[in-house]
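Below: a set of structures, written as structure tokens.
Both of the next two complexes hold subunit A, though its partner changes from subunit B to subunit C.
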Partner chain A sequence: MNLLIALMVIVPILCALFLNLLHKRDRTIKVVTVLLALALPALPLLANYGLHYFGGYAPLVENPTLSANLPSMITGTALNTFHPAITYSFQSAQQLFVFILGLVALLAIFVSLFETRRPSGVYAYMMFMGVAAVTAVILTDDIFNLYVFFEIAALATVGIVLVSNIKGNYETALKYMIMGSIAAPLLLLGIALLLGVTGNVNITDIIYSLKNGLVDPQNPVLLMACGLIIFGWLYGSGLPPFHTIKSAIYSKALPSGAALIQTFSVFIFVALGIIILRIFSYLPFSQWVILGVSLLAMILGITMAILQTDLKRMIGFLAVGELGYIGIGLGLSTAYGITAGLFQAVNEAMITALLFLGFGVVLYQTGVSDTRKLGGMMVKNPLVALMVLLAGFAMAGVPPLNAFQSKLMLIQGSIKAGLPELGVIMILLSIVTFMTFMKAFHAVYLRPQPVDLEIKNEKIPKATLIAMLVLLGVCLIFGLFPQIATSYLQPLATSLAGGML
Partner chain B sequence: MIIDVQLASLFTAVALIVIGIFAAVFLDNLIKKVIGLAFIGDGVNLFLISMGYKAGGIVYIYLPGMAADWFAQNAAYPLPFALVLTSIVIGASTMAVMLGIIIVLYKKRGSISASKILGE
Partner chain C sequence: MNLYDLIVKKIKDIQAAGDESPVTNISTSSMLTAEITLVSSILVALIMLRLVSKVLMIVAVLVVLFAALTAMPLMPKFKKEQNDSLASMMFYVVIALAIVITLFYWGNLNV
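Let's look at the complex of A and B:
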């Protein structure tokens, strides 16, 4: 049993609870928060691969002492292999996901402490709590445990928006919660139906029951469960029809908060997508549903981004469009396609966070996020402008940056899977992404500064520059040496494509 | 018994979910919307509890003197009950946050009409 696997969730929760007590103590909050946040990317690097059984309750087959005293109606059946406790699974793919989540969280927390005049323990609490919840969503092999943390992540997201103090944040948060209060119970209903049919909430055990004829895989109740879980997946990750509220949520959070929230969306999207693939891949339509929804997200997200005049809203819609690329990779259901999709997820989390932080500097200096009122920012901060430009290039898939590698893999994967049309659509949408980004970049940085634009803060916090440089550095490394990331993702992708999980 | 208890519970759960969705979508008063959302959660919880029902079964507490085989065959399935407890806690916290936001919005805007507050 590897205790560090559980600590990846427990440590951020404890940090969150501790920081919540520190409000109104500015200096202490800054030091303690940064020190605690360092644990977020460090823990996944220190932990060994394996399973963690909460309470120490391993399956009976691994515990001969206990099973010796039990009747044969338990030990002689599939119950012998079932997981009695909540199980967390930590393999190479999860290591990379939790590391990237921890890295973005560390940088977002670091930036938030130096961009706000009075650092708030409550804000740090929400960020740590969200990280704990999404880490659990990534690690858990228990679908009900996933639901619990899915809800906690949604509450933390709302908390990050409420703390931001941006006009209209309460209204947007309430809308998001109302939609969530319909979607999340429906996700739970899907889980209840799975439980009703299979008698289990452990995903590995559910798959065992389906594959070994313990339950009829063609049971119509399973189709309904699949539909409801997909509905929850759409809400959690902000796919259509929830894309407008999700981008509104990004626009009502502080840039550091938005950077973190979009990372939550990416990893919830990946975690639930993997679960849908694992449980329902035997249903022929599941692949087409994933592909269809992803295609819709790409088209709607990117085309709606063109129309936006608010910087954060524009990046929000672009982020939804990029989620579509990840979904295409998962939907291809080949080892190469899934690796490409998962690689795209890792890249998108970092690139979008970088864009939020970069355009956040403009917001910090001017207090304006409307592109029609901005201009001339290149003169004020050329280094930030260069980093934002590179981030935009990365998002559009310009070589040698990371998303170029993942998008190239996705296009190759779609051709190999016999769906070259998807490759054509992805190329066209990448061009539209590039145009959208360049339009915003021109408006903010290249055109002359409007006369009425007032610069409130000349000096940019060093923390923001450091955070952006780190993210850009990782983007460049993954772009030049993609095998660093793909080698972590391939084992999971191969198992998913081969139906071995 | 005229109607099976489990079946009646399932029908009630579906009715609660449908009424809840109707209230959440069509009612304008934010408090009524939240009550509708609570109905959806309650319906799903009732659905989960119904999963664990066993006609003629016993409470899943293993007492001294009970034969393990007999207990395993007759005890109700405990997992759904444990899940529902957690689900109730999540539902309560979500509702508390929503009501808190509505209080703030009422103080700011003087209304709890969804079309006035959220419609803009």
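Let's look at the complex of A and C:
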């Protein structure tokens, strides 16, 4: 039992509830929020690896005192190993994911407090609640518990958009909820079918039942369950056909909110992708569906990004395209490919957050996000321009930044897996990503300032600069020393590829 | 009329009536880049069909190449389809659900 594992979810929920009580006490909210947010990246660093059983109900096999008094019809069967409690699993990969999520959340919350005139307890509530939900999705080994937190994350996302006060935010949030009202119940139906066939909601137990002949893996109901869970995965992460609404959601949130929401999408994508691989890896078809959907996300996301004139929408579509790279890694289903995909996920979460915050500075200073109306911002803030430029280089995969390492690994992984075509497409789309970014960078920073462009806020909050520097620093460290991140991801990737989970 | 003007005219023709944004040099080159990226990515992806059958791969590449060349420019149409209208988003969500379920149910039972 490791209480710190549970606290990674409980602490942000308590923070959220507490901050909501402080509504309208601006200064107190500011101080308390920063202090509480510091716990988000700190907790995963302090916790030990292991399992946490809620209620303390460990499997019988781990409790000899209790199992000694039970009949052999229980202790001599699979029931002896089944998990009666909601179980959270915390290993090295989860540690890195929760740390990066916590770091982006800390910086996004930090920026939001200084970029808004009046810090809102409600906004902080939504951000903390979303972090708690996504952390639970990453940690949980219980598929129904995952669904509950999946829904909370969706609601927190809607909440972050609703409080943004950006034109059209209510309409976009409502559309996202309507889409969710189709996809989320179907995900739940898939989980219900899985429960119906296997009699379990614990993922490890479901896999045990499938591998040990307790249920027929070729049961058509299981195939239907897999299809429905994949459909829920498309919605949760913003893959096609949900890429349009997801990019719209990013564009209707404040830059700090968008940075956090895209991190939610990345980690929900990874968490559900891992579960699909764990349960349904015996269906080779699931691997091809993951590859196909990821390929589609890459092509549609990046080709749509280049056509955008709104900065946030452009990054939103690029973020969808980058999700495709992660999916390619997972779909390759080799230890190397999965490590590369997971590494790409960690990198993308940070780079996209950095881009949202960087271009958010332009929005903060001018109130404009249309590239056709912007220009000359290099003169106003050369340091921010440099950091945004490096973030764009990182996203496109320029050395020595982090995504270069993960994209190179992905290309090598696709060649090793006998699919060099995927490598060719990834290179092609990275070039287009670079071009898309440079087009926006030129429009915002290098072009002469339009006469009618009004600078509303000359001074950039120091919090934003600090947040950008921290993210850029981590990007550079992971780029120069990729083994720091990949050593955390390899054990999970190896077990997924070997079908050991 | 040179080739560039022809492309601009075609984009203007396809652009939605409600879209007031002007067709500039930047937007035209962006559209061209997206077009070339889309077609080339799909064609390269189709080469993976070689794992199923080489004949199928050749036929698919030729058919898609012919379809793409005759239907060009594709991106303005793609952009129009991927709009923020709830109706079109719902349409594609339902289509995607149908494809995913059909592929899983039929594909796994018959492959």
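Keep this in mind: the second predicted complex is superposed on the first by the 501 of 501 C-alpha atoms of A that agree within 3 Å, B and C clash if a C-alpha of one lies under 4 Å from a C-alpha of the other, contacts with A are read in each partner's own complex, and residues count from 1 in each chain.
The rule is simple: a contact is a pair of C-beta atoms (placed from the backbone, for glycine too) under 8 Å apart; a residue touches a chain by one contact, two chains touch by 3 or more.
All of these numbers come straight from a predicted model, not from anything done at the bench.
K.L.:
Report the partner of subunit A that touches more of its residues: subunit B or subunit C.
P.N.:
Between subunit B and subunit C, the winner on subunit A residue contacts is C.
K.L.:
Of the partners subunit B and subunit C, which touch A:421 in the superposed model: first, second, both, neither?
P.N.:
second
K.L.:
Of the two partner chains, subunit B (first) and subunit C (second), which one does A:201 touch, if any: first, second, both, or neither?
P.N.:
first
K.L.:
Looking at the overlay, does A:78 come into contact with subunit B only (first), subunit C only (second), both, or neither?
P.N.:
It touches nothing on subunit B or subunit C.
K.L.:
Name the contact category of A:31: first (subunit B only), second (subunit C only), both, or neither.
P.N.:
neither
K.L.:
Should A:303 be classified as contacting the first partner (subunit B), the second (subunit C), both, or neither?
P.N.:
Touch partner of A:303: subunit C, not subunit B.
K.L.:
In the superposed arrangement, which partner chain does A:188 touch: subunit B (first), subunit C (second), both, or neither?
P.N.:
In the superposition, A:188 touches subunit B alone.
K.L.:
Just subunit B (first), just subunit C (second), both, or neither: which does A:480 touch?
P.N.:
Neither subunit B nor subunit C is touched by A:480.
K.L.:
Between subunit B (first) and subunit C (second), which, if any, makes contact with A:241: first, second, both or neither?
P.N.:
second
K.L.:
If you stack the two complexes on chain A, which partner ends up touching A:439: first (subunit B), second (subunit C), both, or neither?
P.N.:
It touches subunit C, and subunit B stays clear.
K.L.:
Shared contact residues on subunit A for subunit B and subunit C?
P.N.:
On subunit A, the overlap between the subunit B and subunit C contacts is residues 175, 178, 182, 186.
K.L.:
Can you check the complex and tell me which residues of subunit C touch subunit A?
P.N.:
Subunit C residues touching subunit A: 21, 26-27, 30-31, 33-34, 37-38, 40-42, 44-45, 47-48, 75, 78-79, 82-84, 86, 89-90, 92-93, 95-97, 100-101, 103-105, 107-109, 111.
K.L.:
Tell me, which parts of subunit A touch subunit B in their complex?
P.N.:
Touch list, subunit A to subunit B: 70-71, 73-74, 144, 148, 151-152, 155, 158, 162, 170-171, 173-175, 177-178, 180-182, 184-186, 188-189, 192, 195-196, 199, 201.
K.L.:
Within their complex, state which residues of subunit B touch subunit A.
P.N.:
Checking each residue of subunit B against subunit A gives 17, 21, 24, 30, 33, 37, 40-41, 43-44, 47-48, 51, 68-69, 72, 77, 79-80, 83, 86-87, 90, 93-94, 97-98, 101-102, 104-105, 108, 117-118, 120.
K.L.:
Quick check on the complex: what are the subunit A residues that touch subunit C?
P.N.:
172, 175, 178-179, 182-183, 186, 218, 220, 223-224, 226-228, 230-231, 234, 240-245, 248, 283, 285, 289, 295, 298-300, 302-304, 306-307, 309, 419, 421-422, 424-425, 428-429, 432, 435, 439, 443
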